[in-house]
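Here chain A shows up in two complexes: once beside chain B, once beside chain C.
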Partner chain A sequence: MDVKLRIHRFVEGRKWEQDYTVTLKTGMTVLEALIEIKEKQDPTLSFTCSCRSSICGACAVRVNGNAELACEMLVENLVKRYDTNELIIEPLGNFKVIRDLVVDWDPKYARIKKIKPVVQPKPEFSKETGCKQSPEDFNKYKKYAGCILCGSCVSECNKNSLNQSDFLDPFVFVKAEKLVADSRDKSPEEHLKAVVDAGLWRCFNCQECTAKCPKGLDPAGAIEKLKEATFAKKLDDNVGARHAKAIYDDISESGTLDESKLNIKSEGFLMAGLRAPMALRLMRVGKMNPLDKHKVNPEIETIRKIVKNAEAAAKEAE
Partner chain B sequence: MATEISRRTFIKGAAAAGVVLAAGTYFAWDGKNIPEKVKTGDVTYDVLVIGSGGAGMRAALAAAERKELKVAVMTKLVPTRSASTMAQGGMNGVTGVSDPTDTVESHVFDTIKGGDYLCDQDAVEYFAERAGENIYEMDYMGYPYNRQKDGAFHQRKMGGHSHPRASYFEDRAGHAMVHTLFEQCLENNIDFISECQMLEISMDGDKLNGVIAMDMRTGNLIGVPAKSIIIATGGYGRVYWVRTSNPYSSTGDGIVAGMNVGIPFKDPEMVQFHPTGLSANGVLLSESSRAEGALLINKDGERFMSKYAPERMELATRDIVARAIATEIEQGRGVGEGIHAGVYMDFTKIPAERIHERLGQVYDLSRRFAGVDITKEPVPIAPTCHYSMGGLEMADFHTGESRVKGVYVAGECSCVSVHGANRLGANSLSEVLVFGHTAGDGAAEFAKANSYVGSQDSLAKACDKWKTTFDKVTTRGREGNKSVPEIRDAMINTMWYKAGVFRDEAQLTQASAELDALDKEYEHCYVGDNSHVYNTAFEQYVELGNLLQISHAIVQGALARKESRGGHSRRDFPKRDDANFLKHTLIFKDKETGKYRAEYKDVVITKYQPKERKY
Partner chain C sequence: MKYALFPGCVLEGAAAEAYTSLNKVCDKLGIEIEEIPNWTCCGASHAQGVNDFAALVINARNISIAENMGLDIMTVCNTCTLQLRTAKARLDKDAKLKEKVNKVLKESGHPYEYKGTSKVTHFLWILDEHPELLDGKVVNPLHGVKIAAYYGCHILRPQEIMNHGDGKHPEYMERLIRKLGAEPVWFDGSRKCCGFHAQLAAEHDVLTVTGQIVDSAGRAGAMAIATPCPLCQMQLDMYEPEGREAVHSQAEVPILHLQQLVGFALGMSKEDMGFDRHVSAQAKLKIG
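Take a look at the complex of A and B:
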């Protein structure tokens, strides 16, 4: 069977889409298809790859709108998944494109630096005798140590698409959680503070990073864990944390959200005041009435039980 | 055209602003990558490391401990894409945490015996004495070691070792090492000169000018002045192309650059072949397959290991099994065609649950790349080039210096020689730590004691020369010229069939002649891309040139070594010959004629007299 690859090209300022056809072979990965095109059809097609065993992260691209490691993705499976013999190959999203499928990593490294990316060992440890850590403590962060820096999570991050300047890439949060959860580190607060300052609470919670991570690392889960840690480490004096706290309080007190107080609780009276025009509009269309007494949900006991169960389950999961 | 409807699609639909801005993220690169001072030539590095694998980054960190020094790491991809990342097993070092009876002496002996007595024993002692401390140090740097109950890292036993001494992170020991070192390099503000393909080391006589590289992102040729350089560019498994477990980037660039300035290539013929790579693409199926009971079967359904190792069968050592498989294929009892020919590895006698439980990765890789469900049918495998024991001669293992002043070497591209004729599992990662560290210290001390002696004019001239080459080869037409991949494929055939698992005089002589002919074709080969930004076609042209030179060195080394030892197996000389070949091959490339010549250097023997290797 022939498969058509429509590849997004970008060479020295010129941008276009180009179609190539390859004959499907057993075990043919997207990377092998790209290599075949480069070697037999068009030497100008550019992309990067190295290990071809899904551990170096060099070959991540977008296939039909989803980030994949080209080296591990069988063309055959994609043809089945999308029920088509036409695949669209693009560079990763939310990266600058250098050429064709090659993207720019340097700005990303600069962002990793922001979180002080290394363990700062506790004073009882030394270079000569290493550190100590229980297997249980190791288990707390080992998953996040599996990040291969392929960029798939960033590619699909909706917050990153909207604005990168006030939000880190999901893999940087993964790295941060690895450090914060590592019992060898003497000051998890330091990494945590950096992460809060760099946009922890601005995550959209869309879970795309988790859905796209080829290593199954759950960056969105890492972001949640970091948020939890901000409460445990008393770094919760910020809009995001207060907002979360307000929602939690509302749900456990009345079972519903009191939107009229939510902003005041999150941002403080003064800042919330700046939102007065929006409040007025809401009132005008009958979406919010500050004079109404906020009703308690009649199912409040059931809701409290759910919250309690969820908390117990979260604890268990640790 | 069907695309997956995801939450992303939904959210994009909902947030119009998001869509507008998301479209805006597909924008052109603004041309900034490597430090501005590098582009303008306004920096002279004290220590310039080439290669961002384990050895390179460990070296950079060691050098950067002297805060007054300017240290940079240059790499042809971006950091963390190196071959070190692929290492699975672990890193050896005697610490006694898991087995208090382990000793440095035992590590030394295991390594020497494993290396078939071609190791320099003084170097192995230096290595084993320091391997343990480097493991502790990595712990302090944040390496995610798997732990044992008492809180220490756990150590496991690898093939050929008499004690458990390999510490690790799951089955991704190398990946964790590279990332730990990279994070340290970021934190210590080491300059990264990413995506620059090193083209040559520039020297005038014995004066080091620096390094010439192509900045892949602009196509500009840059000369980076340096007082000292460390070559840490890794191995050259891609000489065998699809018949290697190495990444695409392992093309021996640093070794060739080193040879061109007079550093000999030590023991190039010592290539390790792992018996069980997938026939399809060389990707490794772990040794644990055979340990768990997978059988090797030829085309006729015969369990052929009974002919080669009747007692140990599939569990014989790597070299024996690799040779057995190669023989079966050669004698027409293999399956598949040409370079993809192999034999079957049969897992069907192993209960499916056990396969899923213990051989998850093997199951995955077979399924993915060969389209085979190993719980139901056998998978075709063949030997695959795994590691290069040889490399640029490290003249002094206390400093990492080569015989060219100011040029240091470390990692798989170097030959200390610790691994001799055959490397033991988990010794490579500890080698890159120990000698990366040493070379970093060595180069830093050299840079402190000496001032820059090179010439920026010479660097500029060398850049111009490469610019001419670039223009010439990239604008050349297809007519009558072979393409880079065509020549490469011919090279692989020569190397795999005539200088692969088995060698003999007639085949090696023929290989040498074939390589000469390929050199001629290479001179006017077709590259096919003349744009400047990220021209990977030109990069592959450069890499092929390097692979051809490495091939010559392997063939010359293999021709001269008329014995079989470790990874080197001569059909016409099947026995080890200590009387004549207890010595290292040194292949020199003549600067004027480009010809190769072999010299020899005695193996350093301290405590352990060579004896027959039996397991």
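Take a look at the complex of A and C:
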């Protein structure tokens, strides 16, 4: 079977789409198809790759709108998924494109630097004794140490697509969580503060990053862990944190969300007051009635105990 | 066919029409639902950012009540589905964690332990897995009606947890729309996140994406957007005017709960489906 690859080209300011045809072989990866095109059809086509075995992260591209590692993804699987023998190959989204499928990592490295991306060793470590930690402590961040910086997670990040200036890339949050959870670091607060300032609470929780990570690192989960750590370190004075806390508190106060009060708790009376036109709109169609009394779960005492006991158990495990 | 229903806060509050329409539609389809007694909020994808373990135990409690009813759980909200399924997946693969959670449930006086016997599924998935439920019941096939299927994030991702269809290229909602006689339309915003969970923290961006989604569906000729998530519905419906302003669009598109669309095909009216409680584009809906 022949497969048509429609490749987005970009050379010296000129953009176009170019079609190439390759014959599908069993086990052929997207990267093999690209290499075949470059070697046999068009030497001007540019893309990056290095390890060809899902380790270096250099080969990530978008196929039909989803980021994939080209050296890992089989063409036949894509043909099956999209039920077509025409695939659209583009450079990763939310990156500056240098040429064809090659993207610019320099601005991303500059963003990584915002979180002070190195372990700052505790004073008890020395040249003589080293910087050791127990396997249990290593396991706390081991998963996040596996990032190969492929950029797949940011390619379709919904927040990044709208505005990158006040929000980091998912892999930067992964790196930050690795450092915050690393027992060797003397001041997780410093990384955390930088992360809060650089947009932690602006994440949409859309899970695109987690869905795209070829290493299964769960960047969206890393973001949640960072949020949890900001509460422990009292870095929670912002609207996002107050909103999350209001929801959490509603569970132990009544069992369910008290929607009519959520904005007031999260934003304060003044900001919530500015939303009055929205409240009026909702009242008009009967979606909100400020006079309604919020129901309290009949088992609230047990629920409160669950929250309290769970908090104590979590603390003990720290 | 009977399920323990986890309605979630929003069906009890702002999206009460989603609950009444669900009841009526399930009744017609022969799906029996019984609300999980004294369920609590799933954490709405925020509680785990405050205290992950407490949020996990809260959901273990919710699931354990359904287990005691001897039923699988049906949800109608993407976010509730993700929270419950995440809790279940974590507990089912980690015996130590399950033990820890059960210890907290027990010492707090909750009568049941979490066992892992109830599945957690979504109304949309039930219809997808049992297309025969609709056989012979579509008395008002929605011929000529173009519908934009808006899945929302949490029913698709992460695949490892949600695991129904292909999260990167889902088609099951379009399949259902066709089964109802209507025509699904492809639109640019179909895979974008509505931003609901960041409405307060990133307001401008969220209104922009809300506007983009509605605008792209409108441009694709959609007569309505249908979604299986009441939170997406709320975001797109309530903030449609601000979204329009943010992207300078003219699009006015009604935003339907999935069960309302199904209800129309089953012959029910706008009044039956509580459509008068919608904020945007009331006059534009030409079905029901």
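Just so it is clear, the second predicted complex is superposed on the first by the 293 of 318 C-alpha atoms of A that agree within 3 Å, B and C clash if a C-alpha of one lies under 4 Å from a C-alpha of the other, contacts with A are read in each partner's own complex, and residues count from 1 in each chain.
Assume a residue touches a chain if its C-beta (ideal position, glycine included) is under 8 Å from a C-beta of that chain, and two chains touch if they have at least 3 such contacts.
Just so it is clear, the model here is predicted, and its values are computed rather than measured.
By the touch criterion stated above, A:250 is placed in contact with chain C alone, chain B being left untouched.
After overlaying the two complexes on the shared chain, residue contacts for A:206 are found with chain B and with chain C alike.
Counting the residues of chain A that each partner touches, chain B and chain C differ, and the larger count belongs to B.
Looking at the shared chain after the overlay, A:97 reaches chain B, while chain C stays out of its contact range. With both structures placed on the common chain, the touch criterion links A:148 to chain B but leaves chain C unconnected.
Contacts of A:112 after superposition on the shared chain: chain B is touched, whereas chain C is not. By the touch criterion stated above, A:296 is placed in contact with neither chain B nor chain C. In the superposed model, A:1 makes contact with neither chain B nor chain C.
Of the two partner chains placed around the shared chain by superposition, chain B and chain C are both touched by A:82. Judged by the touch definition given at the top, the superposed model places A:276 against neither chain B nor chain C. Under the contact criterion defined above, the residues of chain A that touch both chain B in one complex and chain C in the other are 64-66, 81-82, 156, 158, 161-163, 204, 206-208, 211. The touching residues of chain A, counted against chain C in their complex, run 64-66, 81-82, 156, 158-159, 161-163, 166-167, 201-208, 210-211, 216, 218, 220, 224-225, 227-228, 231, 238-240, 243-245, 247-248, 250-251, 255-257, 259, 263, 266-267, 278, 281-282, 285-288, 295, 297-299, 301-303, 305-311, 313-314, 317. Touching chain B in their complex are the following residues of chain A: 10-13, 26-27, 29, 32, 38-40, 42-44, 46-53, 55-58, 64-66, 72, 74, 76, 81-84, 86, 88, 91, 93-100, 102, 104-106, 109, 112-113, 116-119, 121, 125-135, 137-138, 141-142, 145-149, 156, 158, 160-164, 175, 178-179, 182, 184-185, 204, 206-208, 211. Of all residues in chain B, those touching chain A in their complex are 1-4, 6-8, 11-12, 15, 17-18, 21-22, 25-30, 32-33, 77-83, 85-86, 133, 135-137, 139-142, 144-153, 169-170, 172, 175-176, 179, 183-184, 186-187, 192, 194, 217, 247-249, 280-281, 283-284, 365, 368-371, 483-485, 527-529, 531-537. Of all the residues in chain C, the ones that touch chain A in their complex are 9-10, 12-16, 38-41, 43-58, 61, 82, 100, 103-105, 107-110, 153-154, 156-160, 166-169, 191-193, 195, 197-198, 200-202, 204-206, 208-209, 238, 276-279.
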